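My structure is below; once you've seen it, I'll send some questions.
First chain written, first letter: the chains are A, B, C, D and E, and each begins at residue 1.
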């Protein structure tokens, strides 16, 4: 076995272990450990991705001395490695972009706890990405939930705690449903490993014996993960949680945590149930409808919002709607579009959150849109970054958002029954996005008569600005040379099946 | 054995329902504690002694203690700020 | 071939440079020095770009692919005759209006931003003219909206911001409707490269014929938004008046024409034979005629000069769209001539209006009594341009309307072949009604006019020369149309 | 209705318990009761899972006298899963309770609706 | 006879509105802001205050729960739908259960080759008599590794939430004293007898984890319960002599690190098909079954400390 095959295992263990180590380190050392670990894992994932691209085959890694149905396993393919790499990049940038705000938002003595949470969150994300075992997935989903909750309420304002409670309640409902579905699935198939379940599911579908419980179990798992990833009617906790937690937390939560669950759902669809069987159930129609509703209602709520960060948070609801719409189309193309949208949304949303904090900083800390007038002149880079993010969200060509919309539309055109609905809603949502994002952009570029606030230049905040530039570049790269990424996603999905 | 199991399960449902409708929090917690105990007995019946031990130690023990200390803490908070307490009593 | 790229990216880069370098408002002592360098840079960029474009216009070639957006969607540039005519118009109007704004924008604070976006618009317009397939076109169409919006809301007042937002939303709605159609074209065509005789697969036409007609209609409506066609025209009279005058000139003369260009391209993609005689054509004709009449009527009632001109733009653009909707070669020639004529004329008119506002601060028509005595050169140009817009020989306007009417009569479409020219005629009368009084009262203020208060307020050369150039050109088109008509015929044949 | 509703009475009971817990978690406005609901829900799932391993007439999976034959012991997997699950639910309970304490010190109520009303009144 | 309408009347007519729309003055997005005289943006504190007051008034009105009928109605509706939803869920799950394979039988798919191998080869491959312990700590050790980190991350979040800084801590301590029984003699006497027994029992459970029912987690919980009892009887002063935050930190750190490293070794050797040097020992002896015993001890330590930490945190926000 090639040594590179150990990398997924190393990255999960490294991040878990670094979490433990950070608990005895002072804050500064913990920060360094955190950064180094993210970089190392990112590098490992990159190497792994190259290796997998060169071999063109996925591999299974035993977690222990026992093979498939007896021991735990993890599995790495192109999609997994790519996701891991991407998660690392976004996480590093988010942490770097929010680092300067941390002392003001979190009590000094709790900084190292913050890094523990981030490390554990990363490990759970990696485990969700790589796992090949349903129960492992459940355990790491819980780690993910708890550490996300910690990230929300580490900045202790009344709102964040309330949001954390709401988040926990919704997540626990979700995990309960997920676990219940999992138990039924286990009862029907007798396995917990994804590949073995898939075989049994195929047999069950062929025999026609336990079809009703099977579909119920799939539905329960889907609903559970939908609740956890804040699909439209279950999004009540989201605006407060994203709007009031620390900057890095907001960026990480919006771009990674919900995406981890969505990725798990993709894994379940492909590796556990089987894409065709999943599509033959009515569940995809439900996902489709909720996705569409989320796209519209999320944007409508965002329009009404007067607080810039809550506005961005509501826009997440809409974007998650896009992803589920892609699932709901029930085609390979829709899936590719959804996965691409996961990437583009992650890149854009964290950019927006981090740029927004730069803007509020130069407006006396106020997040009201009125007070942000002219903020882009006071902090030029943040203004530019916010503009780029907005343009990408609106779907202007050359930015990543356009490509994902293009992919969605291309996928929609191939599905006769859902074509018109998805295209029309896509259009409405684009225009609604434009309404609130461009409104904000114009607002921040309207010169205010005289403001008491100080300007911030590049020299004042070098790391922050560099982060913004990286994000902008990432966005443009995804927007201009999307083809390799799309190819990779297609290749990864092919490996999945 | 089956009859015993059915009785235990009936007890479980009774406990669960009465938790939902009990007005007093302390009662609710006590009922939940008994719920855990019944559950651990049930697990003995289901031939899972590991679970029974764990549930007895955790469900009936630790979790309940945590509930109690929370409740106590909450009363302490109320008492330490007399104004709010009076308001509560007036209601 | 590289000149195409240069003519696109040089102004864009120059504009970005200006935006970054002059990002803070100029004020105080630094203002003069900063302004000088700014104007120098802008002027040089405008001239250099114009040179590039002129060289690019004479290039021949197959076009080239810049990069691939996705696997089968290349960003592809090519020069054809339609693009040539448009960019010829742009290369004259933009520098003229640009030099005009050197004087006009003198007292503004954020000149750097204005010129930056101005250059961006120039580059994007060039790209629009030279783009070789629909997806490239769409890309720059969106960028055009984005880069011209700051020009509209330049003053930053609440009114301007609202107008800018309105412009943005109308454009985005339109662009999305168009994108909607592009998805279907992408599915039903072999490639999205522009043609003139239809790129649809024969099998697609037989299978989804009705559906494709609906798609065509939606695309026409969508791109029609930019061209101010009837149900979605409202942004135009809002956005044009609030922009600075040179920007309105560019908006009116060129940016709205991007919608026309788009319609021409879409027409080529679907093919005239596919659309001729269908309900799409009928509905389209109806809409254009309504717009022509309505625009003139509204302009007639409008007291504010710039707004009146904006309504006039609505009306005149639909002349062009009418000519395209007739789908007859003569009418096509008329449309094209009108694109050029209207471009020059409307730019001149807006610049005149700008000069008047700049010198006297008057915006309403009834205040402008005796203005001709104060600013004779400007008003003469205004009068000549007005005559052109009305369609008095020998100006370009006459020629284009003549061809339009001729084409319409020849086309043999029931009802519309006669109704069209009638409405064009009525609208021309209305045009005379809303433009000529200005000149008449301007030169003959009447007995009650107080000649004592009259003072010479002719603007400086930087303003009058561009206006005169544009006016002259509008007349020249009418006198020497042969070369242009030959090019138009080539364009119609797809060469 | 399928054939096995009454044979599977244990699973049926756990399904009902699950729903009771679920309802409590969803509907109770009192936070402590919500948390109890959560615990009931989790226990129900564990009961459901444990029922799966049970085989009538066999003993717990602890090797007696070195006899390792499948005929003798019940299925050990569900027990293992439940053990893991119980730890998770304890952790979550502790976390939720500490959140409750924090909320109570701030808002002096356990009622989630009232808390959100207060929050909105603050209007921040 | 036609009558000329006044301007006001005219504004109400359809024709007026139609012409407004036609001329593009009516804006679907913004109402009637068009063509107003230009105003510079100026921050106006008074207006802001006024807006805030209006906002407050509206909020008061909306959240006046007793008088807001719509709110009541909405609540009722919400509750009704939730109950319906839950009933639906119950029905759905019951139907599902009724289709599941019969309970207690050998033929259900759960009893397949996987559980068969655990039972048949478990003793040989892991050395643990308690098959469940062998399964969770050897066959499916990755889950258990995750599980212990769930506990760890939960402690971290509780720490974040409840740990207080110095001054708050003193205050909380005073507060805490007021509500705790002061040196209750009976309790102390009982505790002196009970605590050692409880702790020894806990240790027994941990050490016997691979031989009989129990294991690190339940044993740790028992020890933790003993510590809590001790704390309740003798107060923080006494416990702080041997158990402070530092102790907790290092115990947790070492146990979890050991856990991580040991399991990493075993995963690594397993995946790369290397020979593991850890001896299995004779089944049935205390020192047997490879890594399971040390892992149980590590888990037990972590759990005991965590339980105690939870309790101390809840009581006074620190150790």
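To be clear about the criterion, a contact is a pair of C-beta atoms (placed from the backbone, for glycine too) under 8 Å apart; a residue touches a chain by one contact, two chains touch by 3 or more.
Every value quoted in this text rests on a predicted model; they were computed, and no experiment measured them.
Visitor: Count of steps on the shortest touching-chain route from subunit A to subunit B?
Guide: Each step joins two touching chains, and the minimum needed here is 2.
Visitor: For the interfaces A-D and A-E, which has the higher count of C-beta pairs in contact?
Guide: Of the two interfaces, A-D and A-E, more C-beta pairs touch across A-E.
Visitor: Point out which chain occupies the most central position, where each centre is the mean of Cα atoms.
Guide: Central chain: A.
Visitor: Please flag the chain sitting at the greatest distance from subunit B, going by CA centroids.
Guide: Taking each chain's C-alpha mean as its centre, the farthest from subunit B is C.
Visitor: Taking each chain's centre as the mean of its C-alpha atoms, give the chain farthest from subunit D.
Guide: The chain lying farthest from subunit D is C.
Visitor: For subunit A and subunit E, what's the span in angstrom between their mean Cα positions?
Guide: Each chain's C-alpha centroid was found; their separation is 21 Å.
Visitor: Based only on mean CA positions, could you tell me how far subunit D sits from subunit E in angstrom?
Guide: 13
Visitor: How big is the gap, in whole Å, between where the Cα atoms of subunit B centre and where those of subunit E centre?
Guide: 18
Visitor: What are the residue numbers in subunit B that touch two or more other chains?
Guide: 49-50, 54, 58, 62, 66, 70, 73
Visitor: Going through subunit D residue by residue, note those that touch at least 2 other chains and give them in order.
Guide: Within subunit D, residues 2, 10, 16, 18, 21-23, 26, 51-54, 60, 62, 77-79, 81, 83-84, 86, 88, 90-92, 94-95, 97, 99-102 contact more than one other chain.
Visitor: Which positions in subunit C are in touch with at least two other chains?
Guide: As it turns out, subunit C has residues touching two or more other chains at 156, 165, 169.
Visitor: Under the definition above, what is the set of subunit D residues touching subunit E in their complex?
Guide: On the subunit D side, the touching residues are 1-5, 7-8, 10-12, 15-16, 18-19, 22-23, 26-27, 51-56, 60-63, 66, 68-70, 72-73, 75-81, 83-84, 86-88, 90-92, 94-95, 97-99, 101-102, 117, 120-121, 123.
Visitor: Considering only the defined contacts, which subunit E positions touch subunit A in the complex?
Guide: Residues of subunit E touching subunit A: 29, 40-43, 48, 92-93, 95-96, 99-101, 108-114, 117-118, 125, 138-143, 145-147, 149-150, 152-154, 156-157, 159-161, 163, 165, 249-250, 252-253, 256-257, 260-261, 264, 266-273, 276.
Visitor: Which subunit C residues qualify as touching subunit A in the complex?
Guide: 23-25, 67-71, 73, 109-110, 138-139, 142-143, 146, 150, 153, 156, 161, 164-165, 168-169, 172-173, 176-177, 179-180, 183-184, 186-187
Visitor: Okay, in this complex, where on subunit A does subunit C touch?
Guide: Subunit A residues touching subunit C: 377, 380, 391, 394, 396-398, 403, 406-407, 409-410, 412-414, 423, 427, 430-431, 434-435, 438-439, 442, 445-447, 480-483, 486-487.
Visitor: Any idea which subunit E residues touch subunit D in the complex?
Guide: 52, 55-56, 59-60, 62-63, 65, 79, 82-83, 86, 89-90, 93-106, 108, 110-111, 114-116, 118-124, 129-132, 135-136, 140, 143-144, 147-148, 150-151, 153-155, 157-158, 161-162, 212-213, 215, 217, 283, 310, 313-314
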